[in-house]
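Starting off with a structure, shown below.
Chain lettering (A, B, C and D) follows the sequence in which the chains are written, and residue indices restart at 1 in each chain.
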Amino acid sequence: MIPAAGALLALAAALAAACFVRFYGIAFLGRPRSPEAAAAHEVDPVSRAGLLVPAVLCLLLGVFPAPVIDLLGPVVTALGLESSLPEQGVAGWLSLQPLPERRASYDGLVLFSFLVLAGGFTAILVHRLGGAGLRRGPVWDCGYPDPAPSTQYTAASMSQPIRRVMGPLLLAAEERVTMPAPLDPRPARLEVRLVDRVLEGIYRPLVGIVLAAADRLNPIQFQTIRRYLVLVFLVLVSLLVLTAAGR
Amino acid sequence: MRLLVDLLAQGVKMFLVLLAAPLLTGWTRKVRARLLRRQGPDLLQPYRDLWRLLRKEPVLAENASWLFRTAPYLVFTTIWIAAALVPTYATGLLFGWATDLIALVAFLGFARFALALAGMDIGTAFGGIGSSRETMIASLAEPAMLLVVFTVALLAGSTQLSAIAEFLLHEPVGLRVSLALALLALLMVAIAENARIPVDNPTTHLELTMVHEAMVLEYSGRHLALIEAASALKLTAYLSLVACIFFPFGMIPSGSSAFLYPLGILAWIAKMAMLGAALAGFEKAIAKMRVFRVPEFLGGALVLSFLGTLLLFVSRVL
Amino acid sequence: MSSLAFDLAHLLAGSMVVSSFLLLYQYRITGVLNVFAVQAVILALAVAFQAWFQDAPHLYLTALIALLVKGIVIPLALHRIVRELGIHREIEPVVGVGLTMLAGLALTALAVLVVLPVTGGAGRIGREDLAFALAVILLGLLMMITRRNAVTQVVGFMSLENGLVLAATGARGMPLVVEISTAFSILIAFIVFGIFLFRIRERFDTVDVHALERFRGD
Amino acid sequence: MGETARLLVLVIPFAAAALLAAVALLLFERPEVGIYFIVDDLNTAFVLLNCFVGFTTAVFSASYIAHELEIGRLTPTFLRFYHAMYQAMLGSMSLALLSNNVGLMWAGVEVATLVTVLMVGIYRTEPAIEAAWKYFILGSVGIALAFFGTILVYLAAQDALGEGMPALAWNRLLAAAPLFDPQLLDLAFVFLLVGYGTKVGLAPLHAWLPDAHAEGPTPISAVLSGLLLNVALFALLRFKLVMAANPAALTPGPIMVTMGLLSLTFAALMLYRRRDIKRFFAYSSIEHMGITTFAFGMGGSLANFAGLLHMTMHSLTKSAIFMAVGHVAQVKGTQKIEALKGLGATHPILAWGFATGVVAIAGLPPFGVFTSEFLVVSSTFARAPWLAIPLGIGLLLAMGALVLRLVDVVFGPPTGPRTPVHASYLPMFAHLVLVLLAGIWLPEPLVRWFQAIASRLG
């Protein structure tokens, strides 16, 4: 069932992309949504470096995967997994070959250099042909006059299409839109109810059982001394009977 | 000398794709118009549009950030490389092994990611509409696309495009149901990805229905030119992908002499024209769907591709 | 001689068990105290006999301690406390007397069943003493279970300790150290129990274990 | 606070320190085995642990009791009574541990019980009285049964070792064990298990433990759950050794394993409904004693090693937690968990000490308790895999409850008084550092020492 797993992986990747578009878009792009956001300013270089260094490392790892994989090879075999990736450095141009040469190969370096070359070429060509002029003007927005920042898409609205598609399946999400009567000035209401199937299905019953058991055992704490002695007595007698019967 | 020829062949392929893309869009518009019994725009009209846009000065919104300005270049370059790496008229070109199908899908995914971000940058409602719907469509299209890739890769034994093409060219594959299903799924995904009629109308500016257009609403001047070129290239990439995998006739096997290349190019152009016409015909035959019926459409693609893989998987096992 | 000695030991141990049954039977608290005193006297006799039989002089000392402390001092002190606390009233055992008696019988049978096949090694008197001692212990425990009043619970505990002393003396040559510690524990038990009773009385003027348990620590 | 009281408060740590120093000497030079006293691998470990925790708790109780005097919960007369009883308890526990004569050991445990009964009742409030009374009755019944068990062992040993003192000397008992009558030994072990089991606080016999911990002064709870339970378990182990030496006798393993599992699961479930913080940790002590008994019942050198390690870790961590709880209860003036919210905001050091303790006792990785629990579970897997399931479930239940309460107490909006506590954090953090150290790296000599004991434990 490798294909099914592959499809799920792709679905995961696509959803991750959607989630990061939403995250980056809401956080960094568009017009400031609150007075504090308007007053936001850049952080000090040190924390920016904290962000930048790992990002650059990721890029390098993407472009030169072979050396890293060679490093990880022995670790994988040490873990006892019998097959680690074949030696990478062999097929020139530092290309990555997860499987024997014909089956699949991907070369980070070549593609990245292609990207940079083509990008530079287009930029120069476009600037030479079309000039580098730039003019700033008010937002067009299909002619809608000066839209307020609140018309921007919020996090909930960004996820609304995906929630409608995936919601009922994964999260038992229900959306209810209550539109007021035609003449009624009251605003429409959108209620979204997300039910986490895993939480409801597995964890809540488990916790229920544990607490029920705890409640049933709880009275033992409040017994009289006499009843505790009965417990001691019963343990003693049962053990005696056990040893007597044991013979 | 051999290396030089190969390099030349690769370079020709890249620029051929670039030049052919606007022609393809022009051709599809021409066929669509013809089907509606009207004259339709000149074949070269897309070139003139691109040229005009290229020389116009772009007008940016006040709060447009650096991302808005760099996105067009990013999108255009990634799609151009993706299109360039799909084998068009010859298999086994110099940089053929540099990428395989999964990397290609990832490249297209990256372009979509950058465009969606750019769409949100201006902070208007339409940008949000475009990006959110685009991510929804992507989240369904990508798995379907990958399943198609798996079907083909399982059959051909490799995920490298040129290897697949060679395999399908020479091996007696015979009539396989899973290939037909994969073709259908790939077509549906191509339609969704390129924002063609049933999923999204490329020419419309009706706010509530547009997906791709909503993201690029704020672009103008040379940025818009790049975006338009990119979408044209994307269409070419998808169609040449379909052609390369499912109709590999007339592709020049690697290593043959340089004179055969023009023959290969001609075959490729014919295939492109045929597919373009088919696309135009299909677009005319069907009305645009409501946005929230698109998931069913793409769900159908997903099911088809999954069935394709399953059947193939089963048949290989038995 | 041995059969006479055996009979005498048998008689004394048996009467200890009978006194435990009597304790179970009692309704009134003064009755309980008196029967406890009687049991202590029987215990002293049994220990004295063991001392004579095993010709181990130190057992006489234990017999004396048992007679004095448990036979005389504790019952008198308890009588005084009971009079002070004014709790002569009826003490209704938790479980009906009939059932308690039945349980007592079962326990004695169990004690005999458990001990006799086991102690093949020790002399016949030792085995018998042990069986009866175990019976007295179990009956003492049974008494603590079936009584609500703090005083009768402590008396139950005391009769349990009587069983212990009987067992200890039954074992030939048990070093004196153990006897002293038993006596020592009885003493401590008495002091602590005394302090508690006073303190209990001081606190909430009743000795009914129920009153004790009104507070429910959680 | 009177001059004498301040002096007394200082005397007690020095006395405990002297005792610790004396005991530490045992490590290097062991007196030869006498009729009354014996010093072997097994009890040096216990004695050392006892005296160390006794010393640190003495340092803690110095500041704790001083504070109690200030707020008037204790009068100076009771101060002297408290310190006298503390020394008596330490002495009797050491007597019990070091005695070769089984009767003397019983007497030591008996005296320790009676002393702690008095200490639990020291506040003379209504709940304290009831707790002390309950502790007295159940403790005495347990001790009486244990005494009867000792008599039975003496009877079994009589024909092999003759009469009088030698028949009670433990080392001779161990040597002559194969000759004893196996059925008598089984009977004896039943009484010993029920008797000392009550003192160890195993599930059906545990009733006295939660109330004794909750109502007594906190240093006593720390010593009670840290040391007294270990001493009782030590006595049980002594007799388990004798039983193990006699092949014909039925092995005590299954009974101990069942009682261990019973107390583990029972205590873990009871944790969820406790509202008094000290009673909460008392049940946690029952749970950990259950795990230790389970490990010793399981048998085999790995399980015994794990049991020993777990007992040491438990007493260190639990006494550290009780020290933290003591200060928390003093500062907030109550022991109800609802009223102890937001400790992190008001008393950061105390909160972090408490949090580390609870994380350690819950058996989370870096700490020693995790190492020992891990060894117990892996040894269970090795010998009886199906037993590991209830064990695992019990551990998870307990961890859930502990972490739940931890969140209640340390985080959230602070409630109740914020008076800073001038407490001695030294002993608490000393314990936690030791437990952390044991979690990360067990020193080689300690491991060899424990292994030597474990192999002999059978």
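The rule we apply is simple: contacts are C-beta pairs under 8 Å (C-beta built on N, C-alpha and C of every residue); 3 or more make two chains touch, one makes a residue touch a chain.
What you are looking at is a predicted structure, and each value in this text was computed from that prediction instead of being measured.
Mind listing the chains that sit against chain C and also against chain D?
A
Of all chains present, which has the mean Cα position farthest from that of chain C?
Here the answer is chain B, farthest from chain C.
Which chains are joined by the largest number of contacting C-beta pairs?
Result: the chain pair A-B has the most contacts.
For chain A and chain B, let me know how many angstrom lie between their CA-based centres, rounded off.
Their C-alpha centroids are separated by 28 Å.
Centre to centre, by mean C-alpha position, how many angstrom separate chain B and chain C?
Here the centre of chain C sits 98 Å away from the centre of chain B.
Nearest whole angstrom, what separates the Cα centre of chain A from the Cα centre of chain D?
The mean C-alpha positions of chain A and chain D differ by 46 Å.
Need the CA-centroid distance for the pair chain B / chain D, whole Å please.
Spacing between the chain centres: roughly 73 Å.
Check each residue of chain C and list the ones that touch at least two other chains.
Residue numbers touching two or more other chains: 114, 117, 141, 144, 153, 212-213, 217-218.
Out of chain B, which residues touch more than one other chain, so two or more?
Where chain B is concerned, no single residue meets two or more other chains.
Two or more other chains touching the same residue: where does that happen in chain A?
Residues 221, 225, 229, 232, 236, 240, 243, 247 of chain A each touch two or more of the other chains.
If two chains touch, include that pair; go through all of them.
Every touching chain pair, ordered by label, is A-B, A-C, A-D, C-D.
Touching residues of chain D toward chain C in the complex: what are they?
101, 103-104, 106-107, 110, 114, 117-118, 121, 124, 126-127, 129-133, 136-137, 140-141, 143-145, 147-148, 150-152, 154-156, 158-159, 162-165, 167-168, 181, 183-184, 187, 210-211, 214-215, 274-276, 279
Hey, which residues of chain B end up touching chain A in the complex?
For chain B paired with chain A, touching residues are 14, 54-63, 65, 67, 69, 73-74, 76-78, 80-81, 84, 95, 97-100, 102-103, 105, 109, 112-113, 116-117, 120-129, 131-133, 135-136, 138-143, 145-147, 150-151, 153-154, 157-160, 163, 205, 207, 217-218, 221-222, 225-226, 291-292, 295, 302, 306, 309-310, 313.
For a test of understanding, state which residues of chain A touch chain C in their complex under the given definition.
So the residues of chain A touching chain C come out as 221-222, 224-226, 229-230, 232-233, 236-237, 240-241, 243-244, 247.
Within their complex, state which residues of chain A touch chain D.
210-211, 213-215, 217-218, 220-221, 223, 225, 228-229, 231-232, 234-236, 239-240, 242-243, 246-247
Please give the residue numbers of chain C that touch chain D in the complex, ascending.
114-115, 117-122, 126, 130, 133-134, 137, 141, 144, 150, 153, 157, 160-161, 163-164, 167-168, 171-175, 177-178, 181-182, 184-185, 188-189, 192-193, 196, 199-200, 203-204, 212-213, 215, 217-218
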